[in-house]
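Same chain, two partners: chain A is paired with chain B first, then with chain C.
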Partner chain A sequence: MAELLLIEDDPAVAESIIFVLENNNHRVTHAVNLDRMRKILEAGQKFDAAIVDIWLDGEDGLSAFSKEADHAFITHKLPFIVISGGAPGKTLEAATARADAYGAVAMLYKPFSDEELLSAIDKAVSG
Partner chain B sequence: MSGKEAGIMDFDSSTITDNTLTRARGVAHMIEQVCRFAYEDKRPEALHSVQWSALRYFSRANEQVRTVNGLAKFLGVTSAPASRTAASLVKRGLVTMRQSPRDARSNIFTLTEAGLLLLPEDPIGKVAHILAEMNEDDLCRLAAALDNVHSKLIS
Partner chain C sequence: MDIGTYTINLWVVIIFGLLLLALGTAIGFHYGKQRPRRNLVLRQSNNAYDLFAVINRSNVGYAISDKAGHFIYASHGFLKMANLPPLDQIINKVWFTLDEASDGLKARRAAEWHAAMKENTDWSGIVRWINGPNDKRFFETTLKRMGPDRVAFIIQDRTAQIEARRNMEAQENLTHFVLNNVPVIVTLQKPDGTFLFATENLAQRLGISVEDIVGNKPEGFVPYVRFKKLESLLKTVVQSRQSIHGIPIEFTYGPLKGVHWSLFLSPLFDDKDEIDRILIVALDVTEQVKIQKERQAYADKLSELQKIESLNRFAAGLAHELGNILHPVGVYARALTKNPEMEGREQYFKRINDAVMAAGELLQQTSDMARPYSQPTGLTDITAMVREMVAFVNGLTRRKQKISLKIPEDPVFANVSETGIRQVLLNLINNALDATQDGGEIIVQLKTGFAPEVLPQQPSAINAPHLCLEVCDTGVGMSEETKQQIFDTFFTTKKDRKGTGLGLAFVRNLVSSWDGDVSVETALGAGSVFKIWLPEAESVSQTLSGGQSPLEAQSEKHYG
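Then we have the complex of A and B:
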């Protein structure tokens, strides 16, 4: 079982991800935005990995995981998986390059299969 | 030097000196030359950069999104040019196309053995191997600086 942090602003997507992960014996804490994510991390909760939507509502989800981020001291060592379905004016190719460059364990394009998600979690948790 | 200091576009333009602008122009030319050299193979059978992008996408995307629409989202283009790019890879025998079991109007693209064999020759791989020789902090700073330039160019 892994303790997972999900940062996803779309409630339907979050619900389906949580359903899959909890049915596979993982525990998931959900943050709808980066502010909520920071509060959770600052409260001292520990995680094995994070799943982050790259384009949150008006926010760059990946920015929290860059070394230059203001909370890098919290998130830098946390393995993370990036998920994205694209956004107006942004290409998935650019998102993929950023995810790779910032050290994501995996980049999943929505919609992704349960198996793909679980495989990425295994990879993130096993280091 | 911090990541912020490395990002030359963080400076207020009113404070940019001629020397700084000349230096920045040199760096911009270096970026252009790296990209140009990466795709220096001009043989008729060589893939264009967008075809390489499509091949990379089909190699790492899950089956549900290995479609023309998925490729269009990846490249940031409409479905017509994405369809032409996918078709060009099919014609070269690098990917196969089959009807989606979920949507009869959609085709799924999958790399052939020839496509898989070609992947290690990805021109970006050469650049990646050179960059991998940098220490991790420098690589992170370079990533942050290029990310900054890219985000300002597209905004």
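Then we have the complex of A and C:
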């Protein structure tokens, strides 16, 4: 069992991810945005990994995310998985490479299978 | 064609100036050559004494020498013109050695003199006479053998004429030099096309000489090229008696293939006010045309890229939305497959159905976006439409906000699609309602009579007064960042599936298809004002009485 932090602004997607994670005996805390996430982390709650949904809007989507996330994930030594619905004008491989460069454990594109999500979490927790 | 019109005009002025100089020079020569020879008068005279008295007082001198050139006699006029001392001091001296000419010049004179004497012929020509370093004279001289050892000669001072001719020659050379070195071709042609003058660069371009051109019509020296356009331009100038400026002409074959000219034709009138010549200036604009074509190709490419970019963004946005909608469907379908008897399975089936319906709605709106709305369906009374829509929204009891209305009493018409404009207004009202959920007010306002210059983005294609339909709210407002993206597809500030991010993009598409514009003024916490700008149209009754279509009626009005 892992203690997980989900950052997802779409309630239906959040609900379905929580459904999978809880059915696999993980505990999930849900933040609707990066701002809420920062507050939860600063309050001192401890997690094994984070799952972050980002909209990779153009070249700077991931950069903007990384500025926000750097502080939180590095300060709190928190491994993170990026999930996304795509990036305009970029191949998925290029977006994945960039996510890698920012230190994401894995990058998942919706819709993804339950196994993909669970194995990414295993990797984050054990890594 | 708009290629440096200013520069072209400047060149034309310069060329015309030079050409007038050249014409003046040519006329000068003409008169010079027709000069009558007056010395014949001498032989016909019966009263030589009187005649010599007259000649002595005129600018003509005469003298007699022997064959070697020794003075025997010189008239008073001769001595005066040649700046010589009295006759007794120069008698028996060789006449052509008595000025201050260089030894070389004196030697050449001697050679010429002796040659004339040897051949026993009469001689006439110009003698350059040097009275001093700053006083050179030109004497038109005629030698006549009077006997075995007698030569009579008459001199006439032509200095002024010769200097004027030299100046004209210098002027003509300068004119030709300039005409042949500026990047323009200048020709002078008869109304029938016969060339009277052409700059060397035309001959060079054609690979022939100027002599081949002058005196010929174009078909005379480039027989395989048809100059139909030039012919018709000459005809137009002759008929209209007016200049023609900046006519583009392109050569598609022959020695000038691929060359673009900009032609200027100007009629020249003779003293009977008839057109006897046409001055043509051709500017080679091949480079400018090439650059313009490249620029156009680049602009086309850029617009193509922008279309692809916008399609790319749209596709990515759609993919993102569908990803979000479909992801839960996969999750619940897999769970139900694994465990069909799952507790609370009804709610998961419902989730799946909700997602399918949401995807369907998204696809519906996407196809609405793609539908061409470019043709407005007709004149719509905007005031009536606004009243009706606001009454409809206010009638919905579940809304706690009420909308107030500020619109003119009289109808205001615009050339739009009626369903389209309803959707536009409903979109803006819905946004305003969402923004004011926690309190605030909404006002829908219609103002008229704006000049096209006040349009927020680009000047409208239609020069008519514009109406402005405003939806103002005192709600949450938007940050500058949000404002920048508000018209982008799939951009939304609404979560929980309340917004697809297509509404305002749809509004913008629709309004611009009616030659209108949309703008927004907003600040965080200060509410938002969305403005729809549309060209006003005349009402139907006015249009019918005027016998014009609404668009024609508009374009004749001037505002601003």
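Following the convention adopted for this analysis, the second predicted complex is superposed on the first by the 99 of 127 C-alpha atoms of A that agree within 3 Å, B and C clash if a C-alpha of one lies under 4 Å from a C-alpha of the other, contacts with A are read in each partner's own complex, and residues count from 1 in each chain.
In this text, a residue touches a chain if its C-beta (ideal position, glycine included) is under 8 Å from a C-beta of that chain, and two chains touch if they have at least 3 such contacts.
Only a predicted model underlies this, so the values are computations on that prediction, with no experimental measurement involved.
In the superposed model, A:R27 lies in contact with neither chain B nor chain C.
Legend: residue contacts after superposition of the two complexes on their common chain; A:E116 is shown touching chain B, with no touch to chain C. By the touch criterion defined above, A:S16 lies against chain C but remains apart from chain B after alignment on the C-alpha atoms of chain A.
Of the two partner chains placed by superposition, A:K39 touches none, neither chain B nor chain C.
In the superposition on chain A, A:Y102 makes contact with chain B only, not with chain C. Within chain A, the residues touched by chain B in the first complex and by chain C in the second are 85-86, 89, 109-113. Across the complex, chain A is touched by residues 2-4, 53, 57, 60-65, 70, 73-76, 137, 140, 143-144, 146-147, 150, 154 of chain B. Residues of chain C touching chain A in their complex: 309, 312-313, 315-317, 319-332, 334-335, 351, 354-355, 495-497. In the complex of the two chains, the chain A residues touching chain B come out as 66-68, 85-86, 89-94, 96, 98, 101-102, 107-113, 116. On the side of chain A, the complex with chain C involves touching residues 9-13, 15-17, 19-20, 23, 32, 55, 84-89, 109-114.
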